[in-house]
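What follows is a short report on a single structure.
To keep things simple, chains are lettered A, B, C and D as they appear, and every chain counts its residues starting from 1.
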Amino acid sequence: MCLYYSLMPSHSSGGATAKKTFCVQKVREDFPILGTHTRAGKPLCYLDNAATAQKPQAVIDALSYFYANQNANIDRGVYELGAEATELYERARKKIAARLNAASPAEIVFTRGTTESINLVACSLGGSVLKQGDEILITAMEHHANIVPWQQIAARTGAAIKVAPITPAGELDAMAFENLLTERVKIVAFTHMSNVLGTINDAAALTKKIRARCGAKVLVDGAQAIVHGDVDLQALDCDFYAFSGHKIYGPTGVGVLYGKQALLDSLPPYQTGGDMVVKVSFETATFKRSPHRFEAGTPAIAQAVGLATAFDYLDTLDMPAVRAHEADLLAYASAALREIKGLTIHGNAPNKGALIAFTMQGVHPHDIGTILDSENVCVRAGHHCAQPLMGVLGVQSTARASFALYNTRAEIDALVKALHKVNRMFNE
Amino acid sequence: MDELDELYQEIILDHNKRPRGRGELPGATHTAQGDNPLCGDEIRVFVRLEGDKIADVKFIGEGCAISKASASLMTQAVRGKTVAQAKEQIQKIHDMFTGQGCCEHTSFDTDGEIAALGGVKKFPQRVKCATLAWHALDAALDGKPNVSTE
Amino acid sequence: MCLYYSLMPSHSSGGATAKKTFCVQKVREDFPILGTHTRAGKPLCYLDNAATAQKPQAVIDALSYFYANQNANIDRGVYELGAEATELYERARKKIAARLNAASPAEIVFTRGTTESINLVACSLGGSVLKQGDEILITAMEHHANIVPWQQIAARTGAAIKVAPITPAGELDAMAFENLLTERVKIVAFTHMSNVLGTINDAAALTKKIRARCGAKVLVDGAQAIVHGDVDLQALDCDFYAFSGHKIYGPTGVGVLYGKQALLDSLPPYQTGGDMVVKVSFETATFKRSPHRFEAGTPAIAQAVGLATAFDYLDTLDMPAVRAHEADLLAYASAALREIKGLTIHGNAPNKGALIAFTMQGVHPHDIGTILDSENVCVRAGHHCAQPLMGVLGVQSTARASFALYNTRAEIDALVKALHKVNRMFNE
Amino acid sequence: MDELDELYQEIILDHNKRPRGRGELPGATHTAQGDNPLCGDEIRVFVRLEGDKIADVKFIGEGCAISKASASLMTQAVRGKTVAQAKEQIQKIHDMFTGQGCCEHTSFDTDGEIAALGGVKKFPQRVKCATLAWHALDAALDGKPNVSTE
C-alpha cells in the first residue's frame, strides 16, 4: 500500500529519458483540434493563440484519466483514493514550482487564471499596504486584468494609479518609468509580455530598478510571457507572478499565482471557507499558511493536474528548438505582413514575442477578421482587453495574429493570402 | 453569391466608404451613444425631432463596415418618419436578427436598401455590429444617454 | 454557415425523446471509476459523495470533445470556432437556468464553486448593504464556506453575526429563527441541506418568513441540496443560490451563483478585468450587466460545458426513481447502522438527504476511516468543514457516509461489515 | 501481519485505551497546543523543565488512536531526558516519517515501544496524527504557543 500516486501510465516516464526533439509536423499531430474544422478544403489555421491555446492529447487524456481513475476531493480523505488525489494535486504544484524555479511549492497558489491571481494580490496586498497618497505604478501596455483591479483597490484605499508611457516602437519608456519610481509607489504591476505589442519587458532588470528605488512590491503579469519564454522566478526576483493555464496548452479554469512565501504568509486571505482554515468558531477563524490560505473551497483539482501535464508535455520537447521556431514564425510573418499594402504593424520592439497586432487602411479589424475567417484563418479583432493602449496607439481596435509552437510558415502564407483578399474586397 | 459576398454587398461597401448622414447635428433634440464592448466601437446618434417627426438624424463614430453602413442606411430610413414609424423599423431590424427564422429571409420590410443588411444573419458574430446604430437610435428616442450591446 | 454549435454527437438528442429509466446497475456502468480500484478482491465502495461525486462518461467525453473539437476563447472571436465556443458556454448557462427554473440565463453566474459564489455575495452585497449595527443571520448547521466569508465582511463593515440554533434532532429551531429575524438583519444565509446532519431545510418557507419579517436578502447554500432534490428557484424565491459543479457529477473548477437579475445588476462587481467591462480608460472603467459583470477574465469554459452535460445526463434518467433509490439507501443504511453497537447517528430530521454522519463509542472517526478503507469502503472522517456544528453536537469530528445515485444496498452491506470490523478491533 | 494490524499493534491500542501521562501538569514551565485542521483534533503538551531536564511531561486533548498513543508514548520517551535528547528524538520521529526510506524500516532508534509507530508509515494520511504530539512538544520546548499540522 505504499502508494503514493499512480501517474497516468502513458506519460509517467517519457520526457525524462527520451531524447527531446521538436518537429512541428509531428507536434501538430499531438493537438487533435488542428485536424478538425476543415472548411471548403481549407484546414483550420488557428492564429488566436494569445487568447487561448489548443490542448495536446496528453492534457486531454490526463483529465479523462483523472476523472475515470483518480477523482476524489483533496486534503480531507483518510482513504487511499483521497490521498492519491491529494498527492496528484500537490505533485502538480511541485511540478510547476520546479519548472519556474520557485523557492518552494508553497509559493504556488492555484487560481482560476491571471485575472483572479491579480485580483487576489490587488485585494490582499493592496488592501493591506495602500493608503491615501500612495501610488500604484502600471504601464501603458497593460491588459484590463492588470488595470481594473488596481483601479478598484485604489478607489477603496485612496491610492492613485500612475502609468508609465511607452515609446513609439512599443517599448516601455525606461527613463519615464524610473522617474515615476518614487517613495510613494507601493506596488508596481507590469506585464512581462504585451498581448498587443508583443513587447517583452526585461522583468529582472525592472525589478532590480524598483528595488533600488523604493520598497514597492512587484507583480508581473506573465499571461503571455509564460508561453513564449522560460520563466526563472529566482532570476526575475519579483514578488508575484501571475499566469493562466489555458494559454500554456493547459485546461481552462486554472491558473497560478506565484508569491514569495514570507510575503504570502503575511497577507490576509482573499476568499475564505473550507480547507484554508485551521480552526473556525461561530465568532472567528484562524487561517492556514500559504498556499492553502489562498485556496478556499474545493479547488480546480483536475485542472491543476492537467496544467502540470501541459508542462510535462512541454518537457518532452526540445524547448530551444521551439523558441527558434516561434522566432522564425514571427520574423517570417512580420516580413510578409510588411509587404501588404496599407498594413501597419503595432509594436516593433527588438525583443518581441510571437504575435503581431496590425491594422489596414480603409478596413476595420472586424471586417478583416470576418474575411480571414471565410478562409478558415482565425485571428482576433478588437481591443484585446487593452483599451487604454488602443488610445495610446491612436486606434479603436486592431487585428492580431498570435502564434503557438504548432503553427507553420504555411499557415502564415494562408494568412497573407487572406489579407490580400481583404485588400481586394475593400481597397480596389 | 457566397455568404461573404452576401455580407459585403455592393450597397454595404458603398455606404461604408461614403456613409450618408454622417456628422454632428447642431440643434439635435435627442442623442445617445452606442458602445460595442467587443471591439470598442462607438456610434453616437443625433436626432432632431419636430413634433412627432424625425426632422433630421445623423451619426458620428468609428465602426466596421457593417456598423457604419447600417448607421448610414438607418439615417436614410428614418429621416422624415414619425417616432412611431421609426420604432416599428427598429423592431423589424431586431426581429430580423433575433427572430426564430434565423436562416431564411424573413418577411422583413425592405425599405429599399436596408435589405442589404440581411446578409449579416449568416454571421451571428456580426449581428451586434449591424444593430449598434439602431440600438443607439432607440435609446436616443427614449431619452436614454447610452446603450451597450454587451 | 448557419451554425450555431455542433453539440457532441453522442448525447445531442437522447434525453429528450428516449424513455427515461433508472437501473442502478446500468447507471454504474456510466461511471468508469466505479470499476477501478478493486483491492484484495473488494470493489471500490465510494461513500464520500458529499465531498465530491464521481463523473459519468458523458461528462468526461464532453470535456475531451470540447478540447479536441471546439476549444476557443469566448466572447471575443469574430471567427466561427470562437462563436461556437461562446455559443456552447452560453448554452450551458441556458441549460442550467432552465433546469433550475431561473427567470433568465442572465441570472446564472459561473464561479469556481459554492465557496466562491458565497464569497462573491458576501463581498459585493455585504460590502454594499452592511453597516455598523446590522446583522447577518446564519444557522448552526452551516459549512465553513457559509460562515467565514460572513465573518470577514462583518469585521470589515461592523455588522454582527447571529446564529440560529438547531434542535436535538438536528432541525433548524423555527421559533428561535423567527425571533432572530429583526429589522437589523440585512442578510440571511442558510444551507438548503446540511452536509453533516443531512437535514433539508424548507428554503421556500424560510424565505417567505424572512420576507414577512424584514427586508433581508436571502442566500441559500445549495451545495448538497442540488444533488438530492429538484431545485425550483421560482418556488424558493431566494435572492441567491450557490452550488458546486463537482458535487453534482460535473467537473471540478466550476460552480454557479444564481442571483435575481435586478439585484445582481445593482451590485458592484467582484473580481475585475477583461470581459466584464464595457469600457476602460487608465482612470476608470464601466461594467457590463449580469452575468458578465461577475465573470472577470477567461472563465472555466470547458467546465461550464461539462457541468451542463452533467445536467443533460441527469435528464436522461428517471429522476423520481433516482430520488426513491436515494431514499431507500438512506433508510436501509440508517436501519443497519442503528443496529451497530455503540454507534450514534448525528442528525435525525424527518426530512433528510442521503447521508449519515456517525460516531462510535471508543473509536475516533479517523480510525474508523482507516479501517473502512482497508475494506475499500471510502467514507469521510473529520469535521466536514463544519467545526462550529461539531461543537454544538459535542463531538470533535464524525465519520460520514454519503450516497450518490450509483450506490447500492450491497455497498451499504459492505459498510456495515467493515463497521463490525471496527468494533472487533477496538471494542472487544 | 497485514498493514492494518501493523498500524494498530497491541501497543498502540493499549496506549490508546490507557494513555500514559495524560492530564494537566500543574507547575508546567512550557506548554503548546498542536492542531490538526483535518479533523479538528487538538493535543496540548505540558512540560516541566528543571534546568536542562524534562522533569515531567503530560498531555491533554482528544485524538485518534494514533495521535493519542503517540502522545502517550512520547511522554514515556522523553520524561527524564534532557532538552537536547528530546530534540534528537523529535528529529528521529520526523525522519522516520518524512525520510526517503519511506517504506523500509529505518535505523530508527526504537526507544522501546516507540517502534510501534512504524506501522504508520504505510498510511501517509495518518502521519500527521502520529506526529501531532511531537510537533506540540517541539513547539513547547521552543517557547511557541501553538503549532498546526497543515
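The working rule: a contact is a pair of C-beta atoms (placed from the backbone, for glycine too) under 8 Å apart; a residue touches a chain by one contact, two chains touch by 3 or more.
This one's a predicted model, so the numbers in the text were calculated from it and none came from an experiment.
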item: Fewest hops from chain B to chain D - one hop per pair of touching chains; value: 2
item: Pair with more cross-chain C-beta pairs in contact, given A-D and C-D; value: C-D
item: Chain whose average C-alpha position is farthest from chain A's own; value: D
item: Euclidean distance of C-alpha centroids - chain A vs chain D, Å; value: 45
item: Mean-CA-position distance for chain C and chain A (Å); value: 30
item: Chain A-chain B separation of Cα centroids, rounded to whole Å; value: 38
item: Of all residues in chain C, the ones touching two or more other chains; value: 76-80, 82, 277, 279, 366, 370, 381-382, 387
item: Per-residue overlap in chain D, given as positions that touch at least 2 other chains; value: 3, 38, 40, 123, 125-126
item: Residues of chain C defined as touching chain B within the complex; value: 1-4, 75-80, 82-83, 87, 277-279, 288-289, 292
item: Chain B residues within the chain A interface of the complex; value: 2-4, 7-8, 13, 17, 38-42, 62-66, 68, 123, 125-126, 129
item: Residues on chain C engaged by chain A in the complex (per definition of touch); value: 32-33, 36-37, 44, 46, 48, 51-52, 54-55, 57, 59-60, 63-64, 67-73, 76-82, 112-116, 118-119, 140, 143-145, 147-149, 151-152, 161, 163, 244, 246, 251-254, 269, 271-275, 277, 279-285, 296-303, 366, 369-370, 372-373, 377-382, 385, 387-388, 391
item: Contact footprint of chain D on chain C as seen in their complex; value: 362-367, 370-371, 374, 381-383, 387, 390, 396-397, 425-426
item: Chain D - residues contacting chain A, complex; value: 3, 35, 37-38, 40, 102-103, 121-126, 148, 150
